[in-house]
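Some structures are shown below for you to check.
The two complexes that follow have chain A in common; it is paired with chain B in the first and with chain C in the second.
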Partner chain A sequence: MITVDPVIIALLAIVAVPFVGAIIMGLDRRLTARMQGRVGPPLLQPIYDVLKLLRKEPIVVNRVQVVYACLHLAFMILCVVLLALGQDMLMVLFVLAFSTIALILGGMSVRSPYSRIGSQREIMQMLSYEPILILMMVGIYLINGSFMARDILVSGKPLLLSLPLLFPAFLLVMTIKLQKSPFDFATSHHGHQEIVKGITLEYSGPFLAILEIAHWYETFLLFFIATMFWATSIPVGLLIAAVCFFGVILLDNIVARLTWPWMLRFMWTAGLGLAATNILWLYI
Partner chain B sequence: MQMYIILPLLLIFGPLLFGVLVMLAPGWRFKTPLIVLSALVMIAGAVLLALQGSFALSIDARIMKALPLIELLIIAAIIYIGFRIKKWLVIGLGALQLAIGLASEMLPHAAHEHVSALNVDLLSMIMVLIISVIGSLITVYAIGYMKKHEAHGPEQMRSTGLFFLFLIGFLGMMNGLVLSNDLKLLAIFWEATTLCSFMLIGHDRTTAAGESAYRALWINTLGGAALMLASLLGAAGGGPESLDGLVAGGALLPLALICLAAFTKSAQLPFQSWLLGAMVAPTPVSALLHSSTMVKAGVYLIIRLAPGLGDTRLGQVVAITGAFTFALASAMAVSQSNGKKVLAYSTIANLGLIITCAAIHTPLAYAAAILLTCFHAISKALLFLCMGTIEQSIGSRDIEAMEGLMRKMPVTTVIAIIGMVSMMLPPFGMLIGKWMALEAVIMSPLVLFLLIMGSALTVVFWSKWIGRIQTVAYHPSYKVEDVPFSMFAAKGILLSGVVVATVTVVPFFKRIIGPMAVAAFSGVEVAPRSWDLMKSVDSFIEWPLFAMLGFVVLVLLLTIKGINKSHVREPFLCGENLEGARTTFEFRSLMDKGESARIRSYYLNPLFGEAHLTAWANPVAMALIFVMFGVIGK
Partner chain C sequence: MSCREKSPWIVHFNCNSCNGCDIEFLACLTPIYDVERFGIVHVGNPKHADILVVSGAVNHRNARVLKNVYEQMPSPKAVVALGACGATGGIMADCYNVLGGVEKVIPVDVLVPGCPPRPEAIMDGILQAAKLLNVRREDRPIEAEVRLTLQPVGEPENV
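After this line comes the complex of A and B, so read on.
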């Protein structure tokens, strides 16, 4: 096997990942448009958007929000780097949590009721999905005997076969993290959110671009984790990611937004129940 | 006499001496230098002791013979207090202690002469450092705080001199507690800390203070009785009356009794009420009780006994009890809007986590327990000191009232934010500890599940709080608030402590804590998987985290200056923003009327309300304690 310098892998991940993320987002917009009977924007529209945002005048409400925007992006990148280096996956989750909390605090740092409500709801989202993600890593450990991402293939068997109930739970998490209906209450891709743009409302220009780029990384990260469920064969893994992608967008277009108390209840019963059941039989 | 004999004595009795001097000193002109001097002496003593290396110290048999007398005096003090405050419960518990004490005097002491009375090893050195350094900083902070408190506090409160006697003396008693190996000596220091905390909590002599002090007294006296009973049973079984004797002996009943004592001292469910009540005391007391002293005595004991708990059912139940406290106390913290109460519940939760780690019986968990003890002490002390400053300035403990704090006291707010972040996010020590804990308990599903839920809840209450205090409109510059130098210095040193501890967490683990855990578990049977986990954590590379953080700081330093008033816009309010409004939450609504939008945080009271969670959590915790004793007989 060819060994590549980890620094090169990391740099490659930092540069290539946002493009993949942007293309996934572009595909999302196309597919959504088709489902709604529209033609939709060009595939690279997310990149065009961000390039335009970056050239705009920096407008802020205060300086604090800039700090958090940068932290959000930096730690999102760090997640991808750690994963690319095959590091401990629990740590990756904690770094991801850091990134999300930076986003939340950025939304709360401004005196805007909409942004604050968005942040509060984002906290509730974290509370709903964080335990499931950690349980997923526990499941992976129980199969592979290691928390390291580089040991993902150790068991030689696709994870999906051992974690069949954790996979739908992860799909729910993915729907929340991608800000899709019925869970898009902190912020939404669509312009019909009752709290306007929620958590990202007070960001504009280059700082909004930073958040968008971070979202590319995050999108990639989520689909990458989806492929890990069948890491033994890359085509099957990609197929699984594609099915997830289609499922999430379909769900986004056919269901209405619900409320966060409903989400918390649902995720702590159905989501956590699925995950815990799956973990339980791995222990026995 | 050699240096190594003087140092422990200095650390134990020095504070008492300084406390008396401070009490007798007239006015702040003499008190202030004495307090600072005592802090310097303590810190120097602790550092010298750490440099000295491990040793054991036996005390002259004649002095050891006097110990029962001292014990008797302390019990008499407890009973006297019971009569003074007219509480039969305290008198009864005092009488129980007396009975146990007398019974143990009836027994022949075969092994007594052979044990070393004081043990200075790595664990006690770390504890002495925590107590002496952080505790002393808190006494320095108390100078500025008590000056204000004297002026604004309730009229009937005790004299400030007496306050400092107990505050500084407390540190000496704690040092004694973590250094003693002899169980009799341990029990004496244990009761002494209980008495100190009773006096400190009751300092203001208000009705609330009186009640809280009473609760702290009876709960901790109960723990003290359990500890004495453990010592008695150890002696009755012919075993040695020392901590290392208990660890080596492996008799489970004394261990369980000591765990019970630790639960009371560390305010684990169902004994949490005394620590919650303790917040009525002046803030330096809370800071001391929560960070470096008192509650740390409990977890210290369990860490000390951890190798002895072994892979027993008892250990498993203790771990579950700790994890249960961690999850439930975190949930209760979510529903609190009183800042001090949030801090208190977070302390209770983290102590539960430490106890779980100590009891789970893997080297990695043992290391995590020690790491968490250190980092929790620094961060929590810092947070309490910030909380005290904030409370004295805005006159409220309510988190909702802390809106706009960034404008009023920018330095304190930034320090508080760093303190809170250090409790929950990477790369700070607490998170590293929590990460190690999660990996270490992987083979105990129930414990793991409780820890996962607790961690998720932890993030909720901290981020809500940070979000509240940092909210700010644009200001080109900030006016630094006026805080007494002593308070500022203590916070500054603790803040640098947090930063230094964070940067050095991995070397600290690799050089000191890791080898300690390996040594503690050498020759003890543990699952081979837990050694693998230890190795995997050992190979953790932390530099990308710091590199990224450094990179962000660099980018921000370069860009943030470029943002000025011309880039600033008012937030969107779905209506015209009111010109010159006090807050930008005010906007023009129908018929040009000014309308103010107010956003409260979520407290999830129906779900996590303190009253109804406590109503079932306390009985469950109580049941777990019964189970703890039940499994011994099995």
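After this line comes the complex of A and C, so read on.
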């Protein structure tokens, strides 16, 4: 095994990941368009959007919100770096939670009721998916005896075979985190919803670009975790990530946006039930 | 072609329109016309938008709102006025409460003619406005010149 300097891996993760994330988002927009019988934007459209936003006039509602946007991005980058270096996956989850909390506080720091409602819904989303992610890490620990991402291959067989029920639960989490229907009520990729743009409403120009870039990292992170379910063979892992991608977009296009009480009930019964059953099965 | 031209995000404001222009504008978003292939996204938030699309004649009541929406947009920004009412007040021009075209309140960059204009003409107008995003406001052509280059579009050929 060739050992590469961790600094180089970290730098590579910081520089290359947003491009991969942007291309995944571009593919997403194109695939969505095709599913709706449209041509869709160019593949690099998310990059054009962000470059445009970076060159727009900065309008600041309050400076605290800008600090929270930067913190959101910084914690998200830290998440990706930690995972790329094979560090503690539990730590990755905590840093991911910090990142989301920075986003929530940013949405809460302005007076717009839409932004605040978006933040409150984001809190409900966290409440729905965090237990499942924690249980997923518990499951990985039960198999590998370690929370470290670099020990993912210790057991020698793919995680998916041991965590068959946690995987669909993780797919639901992914749908929430990628802001897809039926869970896209904190903010949405689609222009219009009942609270306009929700949590990102008061950001404009370069600060919105910061949030977009953070979302690229987040998208990559989620698909990377999906790939880890079959870490023994990279092509199969990528295939699993591709199936997740298609499934999430299909779900986004065929279902309507639902309400947060529905999500909370669904995730705490179906989602948590699947995860807990899997853990129980592993434990016995 | 700069990134500004490739991703013009639009916000739509109905300024007392009869809804004719709005229906034609919304037709642009449908799979037949699909404005997203030009990177155009219809956002509901002026703070995210580059181009303000206004339909209808301005009256005393909504002039303040129109100005407010325009001022919330970060620069560079452009304005597209739809239809006869957006240009001059159209059939509503003589009403006691109507101020006139959109130009009475905010600077307009592109006027799309028609009553209502066809979706193709609206898309053309938005893309011309997107080109103007690279030009400083004082250097932009006066709207009469823009209007001359924008002929009404005939029957669609390849739809």
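One rule holds for everything that comes next: the second predicted complex is superposed on the first by the 284 of 284 C-alpha atoms of A that agree within 3 Å, B and C clash if a C-alpha of one lies under 4 Å from a C-alpha of the other, contacts with A are read in each partner's own complex, and residues count from 1 in each chain.
By our rule, contacts are C-beta pairs under 8 Å (C-beta built on N, C-alpha and C of every residue); 3 or more make two chains touch, one makes a residue touch a chain.
Only a predicted model underlies this, so the values are computations on that prediction, with no experimental measurement involved.
Is A:Y48 contacted by the first partner chain B, the second partner chain C, both or neither?
In the superposition, A:Y48 contacts chain C only.
Could you tell me if A:T219 is touching chain B, chain C, both of them or neither one (first, second, both, neither)?
neither
Quick one: classify A:S109 as touching chain B (first), chain C (second), both or neither.
Only chain B; A:S109 stays clear of chain C.
Between chain B and chain C, which makes contact with more of the residues in chain A?
B
Touching A:S181, do we find chain B (first), chain C (second), both, or neither?
Neither partner.
Contacts for A:L71 in the overlay, against chain B (first) and chain C (second): which applies, first, second, both or neither?
In the superposed model, A:L71 contacts chain B only, not chain C.
For A:K56, decide between first (touching chain B), second (touching chain C), both and neither.
The answer is second: A:K56 touches chain C but not chain B.
Pick one for A:S119: touches chain B only (first), chain C only (second), both, or neither.
First partner only, chain B.
Quick one: is A:N278 in contact with chain B, with chain C, with both, or with neither? Answer first, second, both or neither.
Touch partners of A:N278: none, neither chain B nor chain C.
Could you say whether A:Y203 touches chain B, chain C, both of them, or neither, answering first, second, both or neither?
In the superposition, A:Y203 touches chain C alone.
Shared contact residues on chain A for chain B and chain C?
Shared contact residues on chain A (touching chain B in one complex, chain C in the other): 57-59, 196, 201-202.
Using the touch definition from the top, list the residues of chain C that touch chain A in their complex.
That would be residues 3-4, 6-7, 9, 31, 34, 36-39, 41-45, 47-48, 50, 74-76 of chain C.
For the complex, give me every residue of chain B touching chain A.
It comes out as residues 406, 424-426, 431, 435, 438-439, 442, 445, 448-449, 452-453, 455-457, 459-460, 463-464, 466-468, 470-475, 529, 532, 536-537, 540-541, 544-545, 548-549, 551-552, 555-556, 559-560, 562-563, 567-574, 583-585, 597, 599, 601-602, 607.
Write out the stretch or stretches of chain A touching chain C in their complex.
29, 33, 36-42, 45, 47-49, 51-52, 55-59, 191-193, 196-197, 201-205, 208
Could you please specify the touching residues of chain A with respect to chain B in the complex?
Residue positions touching the partner: 10, 57-64, 66-67, 70-71, 74-75, 77-78, 81-82, 85, 87-88, 90-91, 94-95, 97-98, 101, 104-105, 107-117, 119-120, 123-124, 126-127, 130-131, 134-135, 138, 141-142, 145-148, 196, 201-202, 264, 276, 279-280, 283.
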